[in-house]
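One structure is given here, and the rest of the page talks about it.
Chain nomenclature is as follows: A, B, C and D, assigned in order of appearance, with residue numbering initiated at 1 for each chain independently.
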Amino acid sequence: MKLSTKKKIYQGIAFNLFRLMSGILVVVLISILSFIVVRGIGVISWDFITKMPEDGMTKGGIYPAIIGTLCLVAGSMLFAFPVGVLSGIYIHEFVKDNWFKRFVKLMTNNLAGVPSIVFGLFGMSLFVNTLGFGDSIIAGSLTLGLLALPVIIRTTEESLKSIDNVFREGSYALGATKIQTIRRVVLPLAMPNIITGFILSIGRVSGETAPILFTVAAYFLPKLPSSIFDQVMALPYHLYVLSTSGTDMEASRNMAYGTALVLIIIVLLLNLIANFTRSYLSKKVKH
Amino acid sequence: MIEAKNLNLFYGTFQALNDISMKVPEKSVTALIGPSGCGKSTFLRTFNRMNDLIPGVKIEGEVIVDDMNVYEKGVDVDNLRKRVGMVFQKPNPFAKSIFENVAYGLRVNGVNDEKLIKQTVEESLKQAALWDEVKDNLKKSAYAISGGQQQRLCIARALAVEPTVLLMDEPASALDPISTSKIEELIHELKKKYTILIVTHNMQQAARVSDHTAFFYMGSLVEFDETKTIFTHPVKQQTQNYVTGRFG
Amino acid sequence: MTHFEEELKHLKHEMNIMFALVHTQLSKAKDAFIRMDKDLAREIIQTEKRVNAQELNIDRDCESYFALYNPVAVDLRYLLAVLKINSNLERTGDIAEGIARFLVVIEQEFDEDLLQSSKVLKMFEESISIMEEIEAAFENEDTIKARSIFKQDEIINKINREANERIAEYIRLKPDNVEQALYILSTIRKLERVGDQAKNIAEEIIFYVEAKVLKHSKKV
Amino acid sequence: MKKIFEKVIEGILMLSGTVTTLTVLLIIFFLFKEGIGLFGKSPTEEGFTVAVNRENPVNELSTDQIKNIFDQNIHNWNEVGGNNDSIILFRMDDLFNYYTEEELAGIDTNMNLLTSKIDEVIDKNKGIIAFISSKEIPQNPNSKLIHIKAIGLGSFFGGKEWFPTAQPVAQFGVYPLLMGTLWVSLLAILIALPFGLATAVYMAEIASPGVRSVLKPVIELLAGIPSVVYGFFGLIVVVPLVQQIFALPVGETGLTGSIILAIMALPTIITVAEDAIRGTPRSVKEASLALGASQWQTIYRITIPYASSGITAAVILGIGRAIGETMAVLMVTGNAAVVPHSILEPMRTIPATIAAELGEAAKGSLHYDALFALGCILFIITMIVNLTVQMISGKRTRNKLR
């Protein structure tokens, strides 16, 4: 066989195999999504979103779970966003490249890889038991916040790293202090990426189940929380309960499809918003 | 014989090369000079169809290498690239041993005879004036030698597949003066066997190494003549301005 | 040897040709002068075109080398020196041609007394010898030899200075031969300039080899 | 004034900067503080003890032996190094087999009576082994307390049984959980790897920008979907599918978990591997093409070897993700805490165990401590994974600098 023909055949086989496997992957994902969308779309209605669960969670809505997840997201971000961004700034702009910086970075990277269930254990031990918050929004939020922290720190650091030093030097050359430089020059440039990271970490936090299992989530609690020391229901945990340990699993299946769809919609929306803000804000910065 | 006939090249809607016709003399060095973005690198890369890799490229006209239009339908691009060697701006050896770097082109082109490979590697390294410096370290990583040596290794690598044409895209721009002059001397030697096209930002380099020089500006071939002529009494005012540094 | 060194070698070769050409012109001029050989004189006039062409050839080479190789230091001095030596040689060639043109138009043979008293033959010998010397100095980059040129030029100058009186005396003695005498005087004047050209060439050789500028200064 | 202001801000920044470090240290502290409580303690239920006849030469039994004795797998004392007597099990309720109701009248209130009766039983039966409340331990001359080996690292890691609520002694053998975790995770990676690498190569090298601009967000979305949704999907779709295809009694198996985990690990593998492949300098790839290599030859001879450390990092990160994943696995693997023999059996992983059991374990109990000890194991595994990845990618940046 001619050498060039042989090369072409091998290439053809390899490329088509890769194409096929990527294709399978897309098909799998689409089938997961469409399965849930098709089964769930009929369940979602205004009532579903705004009503309490009824009849052993086989009827009614998921209102308290939505509110609970919102509370948890808000609480965790209230903690994680400022701390994360400030940490990122500190690590990237202030610490010299010495063992301390490497250690902090190492720890941040390690924290990012710690499984969420370990965060759950830790949150239970520290916030629920040691600090005596009990199962509560504050304990759950802080646990989720810790989970989101390394993600926010990393995106902050990455976006700071991508800013050319000439901007900083330009500012210093005009007599600005370090803090002024960061506030007026560096941060505005880094903001699009930081915001994107922030939105994506919301997505992560809102879908997490393991960390809230023992820190906040309630199995069935058809009322809204009144203080940060209350337990709440949460969407992912609700889905878990509905699909594994409901009182009547067959009957609550529809509720489960609906809940799953709501979760997916949230993630999808957040992804879209993140992409949109990234392109919108970076355009704005450029002009 | 290599030649471009009425060559137009577009990146999307941007026309990067504008109706270029040029006959490249054989077994001599032809330098392509011009300001950044003038299309000289793009032109160089049409000879081995390296522009194919960039999405959205459209080409009109003919590029003839060895009496064959390389943009004709059904041309075996891999084979074309084997016949048209290329050396890049920065030394870019593969993460392999010195020996395997030079042997690579043979292996991917179906040569299995280890004896032949060994022989060709040695010859290529000798042609690239590198053999004496590396003959005892052929198993060493290609990253272990200096930048200038790496670039000569890349030249040896290109020579191993026995091309007729050698394209050089600013081959010395990343090197120190001594390595640069070694590469230039090498080019001078190689033109006895190969037709060499070299893109360079460095006008002095073009003057030193080439026999003919083509001046490109804004995607057009402004002037093409013997290097002596281009650097002593160019015909076009634009060329004059460029070679004297009075540009813009 | 680098590419540029090869080119410089080539240039030196061209210069040797130029030296040889001019040298031959001068020798032929002497022969033609002694034998009153008008054919040879015409040949000299013809050959002068070759000298001019060679001058242009070397000029062009130098121009290319300046443009293409950006010569510096000794290479730069060498090329500058070659440019000037080249034009000095060309003028020397002109001198030979000028003498040849006299020979073509002159009608009678020179008076033997005139030749003796004016020392014109001696002048010919000296100037040819100075050309040989300077050629050797250039060939070997020999600055000692180059410096010896200055002394030789003195001899030539001396003959030239004396020539006035001698020719005047000759004219007083043989007023009929005044035209001839003036030719001889003019020839001596021309040959004196050969010495000057050689002296200039010597200065250029010392300039490029030693990087010393001797021009317009007291000779060393 | 300005100076002070800046100093204050810098202080705040520094405090935030150290939060992660502090968190990691706190996690280590709290996990290990609770987890360490498991060791050195007797695995019997608090307030209970095991006693035998005074003349019985056996003084010490391991938890395994006790369990086997009470499960009636061991019938004779000589099997545990004692005399040739058959073993008689005795629990508190068994007292009524030895005495009539009249003889035991008033026993609920009279502690001494209970104690003496138990002592009597132990005295009478040479082969008896009694599981009794420690309050009832008689200072009686006729019975002797068996010393039960405390839980040590050996029995924790080597123990083949995880049965934290068993009586008389709880079984805290991590081995089956560890095996379950490894089987499920490794199989998941084996499934995910070909797809992940193929897709990464496809996206980085082959796909047109148009196709890539579709694939990329799809992969991002895949990464964003909560694990509980994957678990739900697995439960509804994959579980019945596996059950049918392999004709199993239940569809909740290690394989099911692996499939779901594979899907979940894919985005990590694809993203990291694609970045690594894209990190191959264009000029190196072009050099290969310029030598007449086909695109495919360039990919497998140049690009993939060049990106190999990045790809390794991707694989290890994927394993890390799979090992730590909780909810999806909990929902689909069936959670049987036995040493697996086949991937088609139900299995239980470490994170799933924690999630499933922590709700039932009383704070401070051995069970609770044991779950924290599991957390420690998980933490250490992921720490090793992370450090490995950082070492590999650190090496990669150094290589690139050359």
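Convention: contacts are C-beta pairs under 8 Å (C-beta built on N, C-alpha and C of every residue); 3 or more make two chains touch, one makes a residue touch a chain.
All values derive from a computational prediction rather than experimental measurement.
> Which is the least count of steps on a path of touching chains running from chain A to chain B?
Tracing touching chains, the least step count from chain A to chain B comes to 1.
> Compared with chain B, which chain's mean CA position is the farthest off?
So the farthest one, by centre of C-alpha atoms, is D.
> Counting only C-beta pairs in contact, which pair of chains has the most of them?
So the chains sharing the most C-beta contacts are A-D.
> In whole angstrom, how far does the Cα centroid of chain A sit from the Cα centroid of chain D?
Centre-to-centre distance between chain A and chain D: 25 Å.
> Between chain A and chain C, what is the gap in Å from one C-alpha centre to the other?
Comparing mean C-alpha positions, chain C is 94 Å from chain A.
> Would you kindly tell me how far, in whole Å, the mean C-alpha position of chain D lies from that of chain C?
104
> Chain B to chain D: how many Å between their CA centres?
59
> Would you please write down the residue numbers of chain B that are in contact with two or more other chains?
Expected reply: 78-79, 109.
> Among the residues of chain C, which ones contact at least 2 other chains?
There are none in chain C.
> Touching at least two other chains at once: which residues of chain A meet that condition?
In chain A, the residues touching two or more other chains are 7.
> Could you please write down every pair of chains that are in touch?
A-B, A-D, B-C, B-D
> Once bound in the complex, which stretches of chain D touch chain A?
Where chain D meets chain A, its residues are 2, 5-6, 9-10, 12-14, 16-21, 23-24, 26-27, 30-31, 33-34, 194-195, 198-199, 201-203, 206-207, 215, 217-218, 220-222, 224-233, 235-237, 263, 266, 294-297, 299-300, 317, 320, 323-327, 331, 351, 354-355, 358-359, 363, 371-372, 375, 378-379, 382-383, 385-387, 389-390.
> If you look only at chain A, which of its residues touch chain B in the complex?
3-4, 6-7
> Given the complex with chain B, which residues does chain C contribute to the contact?
2-4, 63-64, 67-70
> Looking at the complex, which residues from chain A come into contact with chain D?
Going by the criterion above, the answer is residues 7-8, 10-11, 14-15, 17-19, 21-22, 24-26, 28-29, 32, 35-36, 82-84, 86-87, 89-91, 94-95, 103-104, 106-122, 124-126, 129-130, 146, 149-150, 153, 177-179, 200, 203-204, 206-210, 213-214, 236-237, 239-240, 243-244, 253, 256, 260, 263-264, 267-268, 270-271, 275.
> What does chain B use to touch chain A in their complex?
Residues 76, 78-79, 109-110.
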